[in-house]
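Here come two complexes built around subunit A, the first alongside subunit B, the second alongside subunit C.
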Partner chain A sequence: MNLDLVATGTAAAVVAAATLRAATPILFASLGGLISELAGCINVALEGVMLVAAFAGVITSAYSTLWFPDAPLWLHPWLGCAAGLLAGTALAGLLAVFHLELGADLIVAGIGLNILAQGLTVLLMAHLTGDKGSTASLASFALPSLRWPGIGAVPVLGVLLNGDEDTGHNVLVYVAMAATGLIAWALRHTVFGLRLRATGENAEAALAAGLPVRRLRYAGLLLSGLLASGGGVFLGMGYLTLFQADMAAGRGYLALAAVFLGGRRPLGTVVAALVFGAASVTAARLGQLAVPAEVVFMIPPLVTIAALVLVKQHQRLATRRRAAAGRAALLSP
Partner chain B sequence: MTEGARIALAVGAALALGFLVMACVTDQPWAAFRALVTGPLPSMERAADGRLVMHRLVRFGAWLQDATTLTLVGLAIAIPFRARQFSLGADGQLFMGALAAAALSLGLGDVPAAIALPLAFLAAAMAGAAWGLAAGLLKTRFEANEIVTTLMLNVVAVQVYRLIVGRVLNDPTAGFITTPPLPGAATLGPLIARTNVTAMVLVAPAAVAAVVFLLRRTTLGYEIDLAGANPWFAARAGVPVARATVLAFALGGAFAGLAGFHVSNALLKRLPVDLTPGMGLEGIVVALLARGRVAALPLAALGYAYLRVGAQAMERATDVPREVVLVIQALIILFVVSDRLAPLALGSLRRVWMRIGRTA
Partner chain C sequence: MRGQPLALVLMVMVMAVLTPAGAGARAADGRPQRVAFFVNGALGDKSFFDSAARGLRQAKADLHLATRTIEGGYDPTRWESGLVDLADSGDFPIIVTGTYTMGPLVQKVAPDYPDVTFILFDGVVDYAHCACHNVYSMRFRQNEGGYLAGVLAAGLMRTGAIPGAAPGLVGLVGAMPIPVINDFAAGYVAGAQDAAPGITVLRQFANSFSDPAMGKEIAKAQYGQGAGVIFQVAGATGQGVIEAAEETGRYVIGVDSDQAALYRVSSPRRAARILTSVMKNVDTAILRALRLWQQGRLPLGRTESLGLKEGAIGLADNPDAALTVPPAVRAAVAAARQRIIDGTLTVPTAFAGGRP
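Right, the complex of A and B next:
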């Protein structure tokens, strides 16, 4: 009985750890999407930002050994990480310039930048490695994993905190969690967070109140680029240790869906990102059974659509209940 | 500045930047650029006996074929856009249309072309329309963001397609996963020898004309435009905004479904399991180049298909990957939608010019 419990717990912990790993890139990107959405700018370019960040990170970490042969080994992945964050943020900055300075439609420009990212990464990859598929021929680095010492032997907790191979979770998994808390707090409790939300809520009122709306929107888009870049860097230097063509594989759009699904609130967005992570883990597990792969691949998009419908239904019921309660309060003497 | 000049300027600037990118990745940028720009044209040669002989008709045909598909996919983007809806779902609608047309053609078996062709045509349009309808209903009934739902529906459609082609319609004798060849009665014959340019090349402009008529001369078209221009006012004026929006999605989907019919029953004549997604996104470029004007779609599609076929010629002739066209495509999108870019660029050019004039 007791052994059974431990086995079940371990299996659950394995799934939870895998979910966390799969959800991390979506989590990063959806936090970014949330910030720019709250600033009144939907960021469709999350996908392209992730691609560019993953590419720049992987390539820089691989070439860093050539550029700085005397540098200590631990430095290369961090140089790659910095380059990835910089490149992804720069792409988001480009989106901001095109939208805020040049009057481009935000959604169309975002799609354009996604296509640009897709083309440029494959083009440069083919130029640098002679391969249009992946950078497998380059020796790139992964960011280190953090392993909790001394709990490897603890039954369930060990698997949960250090993964089923007892190597620990990538440092970016923890960064994602920290970023979640920080952003939830900053949006609610700082002046910057309030102003950002005011800009998105009603730009004209914010402008009339003397807020620098344009600068706040720049901040929102650049921050969203920085966060989504974190997800991209994790894809290339944590989740895998190479860059593949079209590596983001729709995660940027899933992140956008997570923002709407979470009702544009930090906690909801995080839950939605975790649900997407769990859906992809479930899909992978079902793939090992006799279920056709095609059916498995349908699960995440169908979950997204179903969730969007259910959330709306839920909101509608809640509004109706509140309206009924309000009427009752008005009518009572 | 006129709209046409603005777009020409944007395309020119994008091509120039694309050339710079090419120069970075190859030693022979001029050869690559020439292949890109002249690739789709047939070449004429005077043969030994004095007759004119046309070469490279295949590529010329590929240009017209591509433009046909792009026009139809462009309609699938442009019609919902009249109702101010960003449908990115042309891809899924195309896959469903192709699947329906091929499945029906195979299912009918040996029937005369007069029955098989119209039925397959209708099936493709209906399948595409149904897929568009789903996105429309999700938007109007549940306020689900249409960018997200259409992208998700694309993934579902591609997987349904692979499931059915791979496991139901699979031809075990083919050596790769594909449907059996469609019966001859259900496929369209070529209008130009050695190409797949079929009657669909005429259907596409006819479809555009029909949509122009619908938007300008019918109540539904007016309602779609009004729902897009000012949904609040339209609702107050008694226009069924939700119905018009849903129908715009469905109508767009029908044309993407016809693009699927074009792919299955005219171009490939059998459906491989690994049919490449992404044609739907190309439709966005076409709709953008036409600046939302439906009548300009065929022209935009011809221009853009020219670039795509040129890129294939370039990839074959030089070591420049065809992805360079993605870069050019992205730059075209960005430059075309940046309303303030051209005046800014021209203004600064003029200032530089005047400064040069003053110092000289």
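Right, the complex of A and C next:
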């Protein structure tokens, strides 16, 4: 094989592996956003859910060594992971109760919960560790990475599958991919998926058809909490191994944008999340090429705007085509 | 950083009652004088603000002042009103605040409260264009610290002691291209060039002070290109850089506080990756200013520039990484430091018009 080709391929694989890493938290959260959006309950609290999940995961994994000193080492990160998923889902459950039981506006309650999550995590962190910035003083754990044995030496593919340091991708990266497939399938091919979508499309009709709309919406919001928690746990126990105040850094909102950018469809959402991940990775690498920082930071928002325009344009064309086809069908004898 | 405001207020009140007579400065009514520290952000950044808070705590212990810290949060629209509230309350004859962004706000507020003394650290007001006789500002020559970091990083690269790294490459991760960070960078680049002419300095900003994931991504990209040492000037974002150093087996230089000390207990492996930290001793500078103020010798109405010579900038000693740096590189850093203190070496700065 041509040496240049291998070098280029390896460089591309490094970027692809980094994109996967950077996109995973957004991917998790956007899948969550998609499910609740399809159930007719937009979940604005994704950002807060991620923060709470990351916090609970990191803190639990660190404290678990104190609580269970005799437990094997591999157990601590998984305990943290469970706690993170639980805490994030609980926050989404809170949103569901506010909206479905108490009639609170989803957007207002969601933003409220985001602010609550921001403050609460810092408050608890200050209380537990005496530190308001990060949990650097705690020895917390990361979830394991999965490394494909025996392909480290294979050019390009080795880097792609095992990352640039040959340590493998975090297990949650694979979970995110699996979740994507599972959700795309479930939404399309299961009764639950159909009912969930029906609830979102037209709640009254669904109710008239005898669907338990409220219960389905609970399911949608709780599932969205669970998925977004996966993103939070990955941030604190995979991507990094610490909790930092406000570490979600807008990824929850980006995820929400990815849902709409993807046309509220699973595949589109995944592509949008990957685009966001790629945009941030590109931003992280372009600076090396003496591109001014200001230009670099314009890339993610520019990509978003460009993609939104393109999607809108595409939809308009599709509508026009459908209308034209409809007219043609009407006019034909 | 156990800065629960309530506890602090309580402590201030207790202090006010319990301080033994005859100790330190007092107002006319015999109570300790009150100092307010306005943080335009939040404590817990492991570097800049935490260092300042340390200075205030020291001042409370040594100078018997009653200190109170007010965290203004990261929303810039609240800073001016927060500052005005403090000045207007009349409770605090002296207000300490910092950062480059607060400069213009102090400049706006100070003339309206001539009886209040303002200490502005790491920022300046334009004395030519405001009646700021009640403002003392101090600027840090962080470029001098950056220079030493550059000499260290480039010197280490030249010895080829870092496996897998490209010899002609060092990195820098900044939070945002603001003057203070650019100043660190200017010194770093100059130091690296002087220690190893022709060396390439990779430079990238994270556009955030609190996104360690982005910091890690950038650092991985730089280490991946072959940088053996990265100087991170990125606040909390820099923690991601430190994690990347641990994972890739390369090195990082910390900033503002001794960042190796943070990890020494929780993660010794990570601490060993931190060669040193460029310390910006905001704490000692604030303590010094408050002491001068207490003695009535604080040079109000002007800016002081503090650097290596004044002990306001320095390198932290990290015993965990001591073996990594060969004696020759160590000597080069010490020599550069001496030349800067002697004045025989002037470090380039990112500030327009150089230094006051």
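We adopt the following convention: the second predicted complex is superposed on the first by the 328 of 333 C-alpha atoms of A that agree within 3 Å, B and C clash if a C-alpha of one lies under 4 Å from a C-alpha of the other, contacts with A are read in each partner's own complex, and residues count from 1 in each chain.
We take it that a contact is a pair of C-beta atoms (placed from the backbone, for glycine too) under 8 Å apart; a residue touches a chain by one contact, two chains touch by 3 or more.
As the structure is a prediction and not an experimental result, all values here were calculated from the model.
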| item | value |
| --- | --- |
| Clash-or-fit label for the pair subunit B, subunit C on subunit A | clash |
| Contacts of A:R285 with subunit B and subunit C, given as first, second, both or neither | second |
| Partner chain in contact with A:A257 - subunit B first, subunit C second, else both or neither | first |
| Which superposed partner A:A45 touches (first subunit B, second subunit C, both, neither) | neither |
| Partner chain(s) touched by A:V14 [first = subunit B, second = subunit C, both, neither] | second |
| Touching partner for A:K132 - first (subunit B), second (subunit C), both, neither | both |
| Touching partner for A:F297 - first (subunit B), second (subunit C), both, neither | both |
| 148-156, 292-300 or 310-318: stretch of subunit B that collides with subunit C | 310-318 |
| Residues of subunit A that lie at the interface with subunit B and also at the interface with subunit C | 122, 126, 132, 294, 297 |
| Complex contact set, residues of subunit A against subunit C | 14, 18, 21-22, 25, 122, 126, 130-134, 136-139, 164-165, 167, 235, 239-242, 244-247, 249, 280-281, 283-285, 287-288, 293-294, 296-297 |
| Residue ranges of subunit B touching subunit A (in the complex, touch as defined) | 21, 24-25, 86, 88, 138, 142-145, 147-149, 151-153, 155-156, 159-160, 162-163, 166-167, 281, 284, 288, 321, 323-327, 329-331, 333-334, 337-341, 344 |
| Of subunit A, residues touching subunit B in the complex | 44, 98, 101-105, 107-109, 111-116, 118-120, 122-124, 126-127, 132, 250, 253, 256-257, 260, 292, 294-295, 297-298, 300-302, 304-305, 308-309, 312-313 |
| For the subunit C and subunit A complex, residues of the former touching the latter | 1-4, 42-46, 50, 176-177, 202-205, 207-208, 210-214, 216-218, 220-222, 224-225, 236, 239-240, 243, 247-248, 262-263, 265-267 |
